[in-house]
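The next part holds the structures, each set out as structure tokens.
After this come two complexes, each holding chain A, first together with chain B and then together with chain C.
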Partner chain A sequence: MSLTSLDPRVTRLNLPEGEAPAIEPKPELDQFETYEVFHQKKEGAAYTYVGPVHAPNEEVAFLFAKEQYSRRAACTGMWIARTEHIQVTPYAGDGENVYDMVRAQDPTEQSEQPEPYEIFHLKKRGKAHTHAGRVMATSYQEALQEARNQYGDKGPIVNVWVVMSKHVLQSAEEDKDMWTTIPEKKYREAIAYKVMDKITKYKEEHKTTAS
Partner chain B sequence: MNELAIKDLLYKLADDQLILGHRNSEWTGFGPILEEDIAFSSMAQDKIGHSLAFYTLLQELGEAEPDTVAFTRNANQFHNSQLVELPNGEYDFSLIRHFLYDNAEIIRFEMLSQSSYEPIAKVATKLKGEVKYHVLHANTWIKNLGASTEEAILRLQSALDEAIPYALGMFEPSKYEQELIESGVYAGEEAVKTAWLQRIKTVIEKTELKLPDLSTIEPRFGGRYGEHTEHLQPLLDEMAEVFKIDPTAEW
Partner chain C sequence: MYGGGNVFEATKFDDLQTEDPVKLAEFEARIARGEKIEPNDWMPQLYRKQLIRMIEQHAHSEIIGALPEGTWITRAPGFRRKMAQMAKVQDEVGHAQLLYSAAETLGKTREQMLTDLINGKSKYSNVFNYPAFTWADSNIISWLIDAGAIVNQMANAKGSYGPYSRALERICAEEAFHLKYGHDAVVHMATGTPKQREMIQAALNRWWPPIMTFFGPSDKMSTHTETLMRWKVKMASNDECRQQFLDMYVPKIWELGLTVPDPNLKKNMETGQWEYTEPDWDEFKRVINGDGPCNAERLAVRRTAEERGAWVRRALLNPKAKYVRPLA
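== the complex of A and B ==
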């Protein structure tokens, strides 16, 4: 069976007719690793988790994140961290505080000098992790304890993410202008196309003939 | 200030953006990976948006309205460089063209944001953040792929060799070059080219790619004066297809 495309770009390809060749199975582990993306919705707001991207490295992850998560929504900055670099606590139930559950643990890896770590809190299941602040510590475990001391009493916290600051790629202050025109790009959103009036009008006009 | 000189400048900027924008849009649904499909489509919207901004400045100077200017001219009335009208080819060529073009575009926008002609300065200042991202996109890919597998390097090198005479064609001087420079409207093509070379060399040096010896290359001039390759007219016919059926169509 051959199909004629209405898309001139497809027609130009002069695709051969007949059965499509079988797709060879891909070798294992050919997937990109995942990176987690945080964005800042407006100046001064805390960075909030928006979702993951698959990418071969951090800088390409940044490009993908820019397209996936700030092509439409208002944004003033973006952070990227490799999923593998994020330490996750157990989950508490809604209304509980996970810091009450986690016990002090011995560090698995420790640095000689204290280093900065970023702390993200999930306040309620189904919401997004939000940046709570930065602590200085020599290990993830110590960073979590430090976070508990500094931010642990602020209402229910169901989950905490801890990531070393040096593993977070942060968009540069001088690159903020990459996002300044986003609010004017309403044409990128389906809501900008006001077609319902036209559809309603069309239906009205064709009401009698349709039945 | 010479209005003809400013119009000539605006036409070449806007036409470059419109034509490359259209070429970028041809990647919609065809990108090698979904993310790149989205990136090229998103940049296509930016480029066409930029052309609209410059066509609007032209309209303020008495030219026809943007849709008429974009959709009713023939190839020989377009002032774009031949680089932007070349077919997309494979992803390697599109990427190299994007790299060569946007590294010049960012310099133009930076210079124009300082222009003595205020309407241009305003538009360039407002939009240059978008071009900055286009450059980041191009440079990131060139740096990554240009230092990856043998196939990627070979493909990019051959695309670079093919594109470079056309890229040099971007800097074809206008007949108003001297006036634009003297009146502080635009620093001129020679200045853009010098800064551009610096920029692309910095990126290429981080890869396995080799910049051809530019002194041995004949630039593909003519585009700024309406001389185009066989590829432009079919692009214009396709772009204006709907407009020609119904100039009042809305969506």
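== the complex of A and C ==
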């Protein structure tokens, strides 16, 4: 006997009925590695962290990110970077500045020529990291020191992310129209549902029966 | 979507004696100041375990919760409703992704969570072990189950763990559409033909008992619960959530001339509390432990999807990939 469901699509799967044996634990990376996603809410705004996606490669990560983080909210641009490529400082407390706590460190790896790095700041715990700017450096450690010199005095900063610009996949300026939402999608907005009219009409018509 | 139903049991990590007292004091002071905890912070074992459990169950509830409504996409009456139902179901699956990632920051991988879901080791909201017989059932889920979920999610968004709060803020924004969409669908049926009214009333009758269990049994007030409330893991008691839900939605059900199938349901004007027939917690326990009308089907569907997609994932896997926890 196979499983019969109220859903004809499930019935057609011909699944065995009854208890199934436990599955083997999923292998590591069955769900791929993660990418961190940043979006731009409107033209000219700083890129802001929105969350991670799991994906097998950069291209798919970009598609998943677009689906997950721009489907329901205004967006004019998106950046993604492999989690592995982002260096994270310790977290300071709210109101503190983490740049005051991190000491200059020797580079673990160094390039011959200075390269661009993107710097992201978290201003308050629980909020999202936002893009502070780009610095030129020969290592992550040097990039952090540069960031401190250039942006380190801008009020409380509880955490910093540093990532080499070449590791950030950025949506292209000429592909801008991919972010425009077609107006026919109003059915997924709360304001498209005006129930009060129907309820009022119903109540009017049933005044005698309603108590 | 998600219901309490979420019983916070004592665990072996309950004993805070084993925690470093200085770090514990710092951690508690941070929460007391209203600061959020971020993934790299020191945290007590109990905090980590309970949050993983809670966020994981929430994620599973979203992904399994998409199934009863997903059933009705192909048979939704009319193109606009089909599009809206599809958008809602897609949102729910998206919620699962956000939540799995939030749980992952605490150290449990998505692979482990999915394995535990399929093997019945982790739970999801018990209401999804009941079937959606008709389109009207789907409407009741869209409206009232989501309404319950929103009560929960709004409370939890104020919790102390940064990644969970961030995910919930995003989720709550999308839930506004779910709630309006569900309400609109129910109003349409309730103000329609006698047959439509009959269908929506029947669906409400079927769903009311599970809805009343949605927030879980009354919490036993123990030191354990107190600790989790102090740490802003548990933000409101199950009864508080249930009362809030009844306050907000019973009047909206009644104004449509629908009947709630509980003769004892009324608001006590002196206490300001709703009184109701105690839900059948024995049935709740039986169903959550596997013996419900749809448990087997829900897990079989999830399992099949995982198994049939496995070769695609294997083929796509970059051999140089390396697992790193998501950052925030």
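Worth a mention:
Keep in mind that, in the parts below, the second predicted complex is superposed on the first by the 156 of 211 C-alpha atoms of A that agree within 3 Å, B and C clash if a C-alpha of one lies under 4 Å from a C-alpha of the other, contacts with A are read in each partner's own complex, and residues count from 1 in each chain.
In this section, a contact is a pair of C-beta atoms (placed from the backbone, for glycine too) under 8 Å apart; a residue touches a chain by one contact, two chains touch by 3 or more.
Keep in mind the model is a prediction, meaning the values are calculated, not measured.
Of the two partner chains placed by the overlay, neither chain B nor chain C lies in contact with A:Ala104. Once the two complexes are laid over each other on the shared chain, residue contacts for A:Lys66 go to chain B alone; chain C is not touched. Of the two partner chains placed around the shared chain by superposition, chain C is the only one that A:Pro90 touches, whereas chain B remains out of contact. Once the two complexes are laid over each other on the shared chain, residue contacts for A:Ala172 go to neither chain B nor chain C.
Taking chain B and chain C in turn and counting the residues of chain A each one touches, the greater count comes from C.
When both complexes are overlaid on chain A, the residue A:Arg9 reaches chain B and chain C alike. When the two structures are aligned on the shared chain, A:Thr180 is found in touch with chain B, with no touch to chain C. Across the superposed pair, chain B and chain C both touch chain A at residues 7, 9, 53, 56-57, 60, 67-68, 71, 185, 187-188, 193, 195.
Against chain B, in their complex, chain A makes its touches with residues 7-9, 53, 56-57, 59-60, 62-64, 66-68, 71, 175-181, 185, 187-188, 193, 195. Listed in rising order, the residues of chain B touching chain A in the complex are 26, 29-30, 35, 38-39, 42, 45, 126-130, 132-133, 136-137, 140-141, 143-144, 238, 251. For chain A in complex with chain C, the residues that touch the partner chain are 3, 5-7, 9-10, 13, 15-20, 22-23, 25-34, 36, 49-54, 56-57, 60, 67-68, 71-73, 83-84, 86, 88, 90-91, 93-94, 125-126, 128-129, 159, 161, 185, 187-193, 195, 198-199, 201-203, 206, 209-210. For chain C in complex with chain A, the residues that touch the partner chain are 30, 33, 35-38, 40-41, 70-71, 74, 80, 83-84, 87-88, 90-91, 94, 97-98, 101, 104, 109-112, 114-115, 118-119, 131-133, 162, 165-167, 170, 173-174, 176-177, 179-181, 183-184, 187-188, 190-191, 255-257, 296-297, 299-301, 303-304, 306-307, 310, 313, 316-318, 321-328.
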